[in-house]
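Across the two complexes that follow, subunit A remains constant while its partner is subunit B and subsequently subunit C.
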Partner chain A sequence: MGSILLGEISAPDIDRCLRGAGLGLQVGTFRCLVRSDTGCLAEPLRLLYRDYPAATSPEGFYDFRILLKKKRGNLWGGSKVEFEWAGHSPFPPLPLAQTHPLFEWGLNWCVATLSGCHTVIHSAVVERDGRALVMPGAPGSGKSTLCAALALAGWRLLSDELTIVSQTSGAVEGVPRPISLKDGSIDIIRSRFPAADLTQPVVDTRKGTIAYVRPPAPALEICTGADKGIGHIVFPRFRADAALAVEPISHAMALAELLENTFNVGLLGVDGFQSLAGVVAQAECYAVEYSDLSDITAWIDTTCKP
Partner chain B sequence: MQTIGLTDLLRLPECVLSVVEADWNEIIEHASQSQLMGQLAARLKQANLYDDIPKAVRRHLELAELTSRQRSAAAMWEVNVIRRALDPKIRIVLLKGCAYSASADENAVGRMFSDVDIMVQRDVLETVESHLISLGWKPPRLSGYDSRYYRNWMHEVPAMEHVRRHTVVDLHHAINPPVSRCYISPSNYWEQVVELSKGIYVLSPVDRIIHCALHLIQEGESAKLLRDLYDLNLLIDQHCGWTTGLSSLLHRANELGVQSQVQSAVSAAQSIYAKGDTGHVTKDWLGSYLVVAAKVGPKKGAFAGQLAGLILLAYSHFIKMPLRLLAPHLLHKLYIKITGNKT
Partner chain C sequence: MLSVRVLGDVVGATFKDEGEAVLFIPNSGDSMICIARDWLNLVDGSVSGSSPQDAQPAATAAELHSRLVHFGANMV
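Take a look at the complex of A and B:
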């Protein structure tokens, strides 16, 4: 895509593209063309995707031509916004104020779907020295908060949502995207990293109040991901007032947990299982309970070295 | 020069050489909507033109191929589970996707399907149904009316979903409803079924073609028309040929009393996909609407396509059951819709 970055385009110009033929955006190895008549997307996109290659007029093939369309509501309902890709609308329409979160969720869905030939795990992942640190976890486990804290302190962000492991090489593909923070973790990250760029929180979404953190520029510099595969797998578990407790876990247990969090187990079948088992066998695996972010990041910085 | 679209590539894959990168946007989205992505990949591979496709486009095609392979393997696995559970004397006929896949028809390569369609004889239907339930396929919760509608008038029992694997089985006892205007007595095609492996059968090639043609008209679903017509095209190409073989196909259709429907479907497939000299089946009004509805497909806001879709939907109901049953049925559905009363 063109050599300009999104941050070099003014917000009104971005809005004009979104309302017109579309705004081109390169995200990892995916090319997106975004259109929207809601007027709510230009500001957050410009903030979060500042360092992403962009184009002001469509050119060539796009993996996803995404449309976020305003739907007039009824008299008492107010307008809503709908996400659409190639005629698919995988989400119900949402209030207009949630246009940007809907874009992020929609793009996650697109990336997860199209990456189906590789193992796609619902997990945060960061990288250092070519090795990936994978952090799967249920909502509320604190994986996104932890991911943000690491990404803002020197680890390279690969993704806060989707870990894409190559079926053939075991390398982890990076699709760096804004990190989503929920409720209390918004203030935690704000006070810990006053210089980080966060969007205005959006309240009352299906995941509570959310704000997004701009991925630090190093995430976008090299797009090769973690080519040496997965070094460590850490299952974080946040529990208020808990002291840091680290428990090494077996490869078998880690594999079983990862399979639970893998979107396309059925699609990849036996090959997928074998490939993932091979990748997990190379990694050190831990379950870590924590309440203080500093404790767990300090532990990760000393333990998860190549 | 006109831009090259999905149907052009399926008909003449050589066209790919003049596709410019931006054209792929429409082609890939159209293929995704009409569930033809995997078959498009197969077509281009078969013509040795796969390397001429941009790498980014291939990512979409490869995913569709993998999905198709995996679903097809999963469906055949389910078929074997069912086969093992039933009395060996009960013959199972595979229909549609499963049949194409099991008999290695050319249209099976890259084809996307999810349901397992099987047919057994009417007198063992209840036995097989209760076996399926004991294997974990759950009958849907239906209102008393809907349940009676299926039992009394339809050629299949309501689709059953497996409680753990979520695969769906469509259990048939005929290929069209007994109350249909063009009902074919099952003995006609049971006589000619082909055994593929112990106890697993498919319809004869010609009957598979006729079922494909009849099914696409009977369903009245314009979203899948383009794909169904492509199946029909490839099946004709492989099993009887577009020139001399057509007359024997139409002869068999006549024997079964469905010549006019089959002819309309064949004419539509011919006008969209056949190349070079064909046996020239004349296109009637139904064939023309099929072409319009298939080409416009699920696109929103295209009036001609939506109208054609509606006409096909109406016609599909018209042939499915006589008016004395259809009129009360539609009135009942309307009543449910207005009152929201589901009993």
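Take a look at the complex of A and C:
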């Protein structure tokens, strides 16, 4: 990838690339080539990926060649957008206004698919001093909100969606991407971190109203992930008005929960399972219920030290 | 700290000083949690006895056996 950053390219030029041969983007260790004729992608990409290496004359190998193409509406609906990778369209077409969320969801799918030689866990993950803090959670558990709060307060973002663990070394790979916020968490993060860059909310998506937070630049300064592996596993659960409640949990319970959240669990052989169990054995594990971000981030800062 | 044993199609992990084991069937991706002592007894070929009440909701020895069969595990 060239030495230019995406933020150095104007939005009209980005749009021209997207409509032409494509825009190259380096995301973690992945090289992505993005094309789109929707006219809806240049602005959010420029805001969120401004610190990412980019290429306006793409050449060479790309891990993903992504196309977001406009589909003309019919009598009953407006124009839509379809995501395509290597000739496959894994998602149904969505309204044109959801072009950018569809790009992010599609890229998640690409990264998870192409990371199959590692263990891929549905979980937010941040890093400090080489140790990863993994935060798995079901939708609504508050993991992305918590991830955003930590990343904007000094933890290094590795991913708000996918924890990729090497089966050989136990290290966690970093694929830092914009953090997805939903509904009420958008205003919570906006008011708590007024200097953070957020996209305009997109309403009526299948996940509700969503907006994305630009990853803080430190997430991109170091290309490596968490070399020392996973130090802590925290299962957050947001419950309105709940006081902070911390429960240490066994490694067995944590491993069982992680397996439930592992995308490629069916591909884990004995060695893969043993590797994941070994990673969990080295971590401190907690279930934490919270309602106040200040409470849980303070607890994490105090507890989750190397 | 960690012990991983294999019985037929099932691989199980136990952790030092913990009373639960995590069982996993590669390929299918099925997993379950059970009482570590019962799993280790099963691996060592001595399935017997009942499980401590305070270990619920982990599976008892009998439940473990039947659930492993339900998994389709080849334990021979």
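Assume the second predicted complex is superposed on the first by the 306 of 306 C-alpha atoms of A that agree within 3 Å, B and C clash if a C-alpha of one lies under 4 Å from a C-alpha of the other, contacts with A are read in each partner's own complex, and residues count from 1 in each chain.
Methods note: a residue touches a chain if its C-beta (ideal position, glycine included) is under 8 Å from a C-beta of that chain, and two chains touch if they have at least 3 such contacts.
Note that this is a predicted model, so its numbers are computed, not measured.
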A:L255 contacts which: subunit B (first), subunit C (second), both, neither? second
State whether A:A195 touches subunit B only (first), subunit C only (second), both chains, or neither. neither
Considering only the touch criterion stated at the top, classify A:G269 as touching first (subunit B), second (subunit C), both, or neither. both
Residues on subunit A touched by both subunit B and subunit C 266, 268-269
Under the stated contact criterion, what part of subunit B meets subunit A in this complex? 21-22, 24-25, 28-29, 32-33, 54, 56-57, 59-60, 62-63, 66-67, 70, 73-74, 298-299
Which residues of subunit A touch subunit B in their complex? 31, 58-63, 65, 86-88, 114, 116-117, 266-269
Any idea which subunit A residues touch subunit C in the complex? 250-253, 255-256, 259-260, 262, 265-266, 268-270, 272-274, 277-278, 281
Which positions of subunit C touch subunit A when the two form their complex? 1-2, 4, 6, 11, 13-15, 18-22, 24, 26-29, 31-33, 36
